[in-house]
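Questions regarding the structure given below will be posed in turn.
Think of it as A, B, C, D, E, F and G in the order they're written, each chain with its own count starting at 1.
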Amino acid sequence: MQAFRKFIPLFDRVLVERVAAESVTKGGIMLPEKSQGKVLQATVVAVGPGARNKSGDIQPVSVKVGEKVLLPEYGGTKVNLDDKEYYLFRDGDILGKYVD
Amino acid sequence: MQAFRKFIPLFDRVLVERVAAESVTKGGIMLPEKSQGKVLQATVVAVGPGARNKSGDIQPVSVKVGEKVLLPEYGGTKVNLDDKEYYLFRDGDILGKYVD
Amino acid sequence: MQAFRKFIPLFDRVLVERVAAESVTKGGIMLPEKSQGKVLQATVVAVGPGARNKSGDIQPVSVKVGEKVLLPEYGGTKVNLDDKEYYLFRDGDILGKYVD
Amino acid sequence: MQAFRKFIPLFDRVLVERVAAESVTKGGIMLPEKSQGKVLQATVVAVGPGARNKSGDIQPVSVKVGEKVLLPEYGGTKVNLDDKEYYLFRDGDILGKYVD
Amino acid sequence: MQAFRKFIPLFDRVLVERVAAESVTKGGIMLPEKSQGKVLQATVVAVGPGARNKSGDIQPVSVKVGEKVLLPEYGGTKVNLDDKEYYLFRDGDILGKYVD
Amino acid sequence: MQAFRKFIPLFDRVLVERVAAESVTKGGIMLPEKSQGKVLQATVVAVGPGARNKSGDIQPVSVKVGEKVLLPEYGGTKVNLDDKEYYLFRDGDILGKYVD
Amino acid sequence: MQAFRKFIPLFDRVLVERVAAESVTKGGIMLPEKSQGKVLQATVVAVGPGARNKSGDIQPVSVKVGEKVLLPEYGGTKVNLDDKEYYLFRDGDILGKYVD
């Protein structure tokens, strides 16, 4: 978990780790990699302090570390930290979050 | 109905479920799928808290869960939740709503 | 008139019904459809509550239900309500109105 | 003059009537239509109430009915009222006015 | 000088007259028209009242009638007044002015 | 270190020096230049005073001299100072920073 | 130095004179013109009063006459004054300045 403590996104950026693609169907059949859809679910691993609004006040981001979020199909910046693949999204580009 | 409780759109996004296309005419004739127009009517199933305006205040979205809305022909983001197809629209892109 | 009571445009949208094209000249000669110009005059049938301005206040739309307006040649969104054809325009795109 | 009383432009739009092109030179020679330049001078026949500024206040237009104005070469919307040709321009697109 | 009294630019527009191109070098050699560079120096002959800023206050233009200014190479609108050629520029597009 | 004392970026610009690409793998094998990825990690060597926000107040940049930052893959302006290669980035384009 | 006293840039424009390209290497070898890089260092010779911000207040430019600045590779407007070549840049486009 060291990577998350070491890297802090700036402004309203959110660092996420995509959930591993399901390679087995509910029925137990293994899926070849091609059949696995693009993974749009991710876990928030680090958040920026938020961007400043027009009045100069910092607007905190709308997600928290540990939350499960839904990513847009396109966009985001791939970031390699400690040989692991993460993605940076602006807070406003994250579509929504999953709550229990 | 679990999907709606589990997913919360962020900012001014609205999650809708398109009304099933009418496959039978008023006169009772069955329509082949091609003849069925694109469905633009939808039911709101979840709404974001609203986006912040320039003053930093959150502006609640203009529709409520359960309301029937008219969607624009283009736009929106397809979202799969629990193997069901939903769409996310920004509040400002929804054309209008139906009231009784 | 049920359609107008049932559908409420959102924000600064205005629902209009185009005036029927004149198919007979002032002199009484019938015009083939091709010779009939594009109809730019319309009657307002429903209006949204208005959009919010930068200060967050709702700015009412500048036309009222029943008013005759002049539409721009392009733009607007065709909407079918109760098998009748209407058009949605943003308040700011309507060119002007006719008064007695 | 009925057309002017009947049609009211919305927002900061200005309805103008182009000055008739001069078809005779100062020396008295008739000009074929081709040699007549594009008419950029016009008379204001109706004005909108003005657009709202960011503070929500209505900003009256800068020209008055009856004033002679200089139009830009391109832009404007042709409008037919009572079988006569007029043009709508946004107040900010009118280049200047002629004063005595 | 009648043209200048008769025409008033609107908003932040500035009417200028380009300085005649020098057709003779300092050494006294006549230049063919091709060798004469594009004239970018001009004299201000009329100014608009200024545009309104976001607060709704009129911001006077930064040049005065009679001042010598440097024009950008491109832009501006050619205007014919009393058979003479002038140019309209927005105040913000004028590069600078010459002072004694 | 003289270069850093001599050059001051303007507004919200940040001068960075890219970390030298690793030419040896963790296992000790030397990498040919082609195999060395684009270096996106950099050290901040000078920062501007910050840009002014809409209210006219200067907004200090979000990184400090000496901090390790993550650069976007594209963008930035190459600057040569004292025969050494640096890069200028706007504060808002820097993706994040590394902390211990 | 008369040119600098005579020409005043408008708004946030800055007039600079590029430093002469070095045609001799540190080792004393003369460089052909091709080998001389594009000169990006310049001296400020005149500055505008500054542009107005949204509140209508004038924001002075961030450089002073006499300061050495670093120019971006592209942009700027060539200006000929007294047969000498200068460049106009917007204050915000100047990358940084050199201080002793």
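Everything below uses one rule, namely that contacts are C-beta pairs under 8 Å (C-beta built on N, C-alpha and C of every residue); 3 or more make two chains touch, one makes a residue touch a chain.
Worth saying up front: this structure is predicted, and the values here are computed from it rather than measured.
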Required steps from chain B to chain F (each step between touching chains, minimum): 2
Rounded Å distance between chain B and chain C, as computed from the means of their C-alpha atoms: 25
Centre distance in Å when chain C and chain F are each reduced to the mean of their C-alpha atoms: 55
Rounded Å distance, chain B centre to chain D centre (Cα mean): 44
Residues of chain D engaged with two or more neighbouring chains: 54-55
Ring walk, chain D to chain E and onward: D, E, G, F, A, B, C
Footprint of chain E on chain D - complex, ascending: 53-55, 57, 59, 62-63, 70, 72-73, 91-92, 94-100
Touching residues (chain side chain F, partner chain G) in the complex: 5-11, 13, 15, 46, 48, 52, 54-56, 77, 79, 88
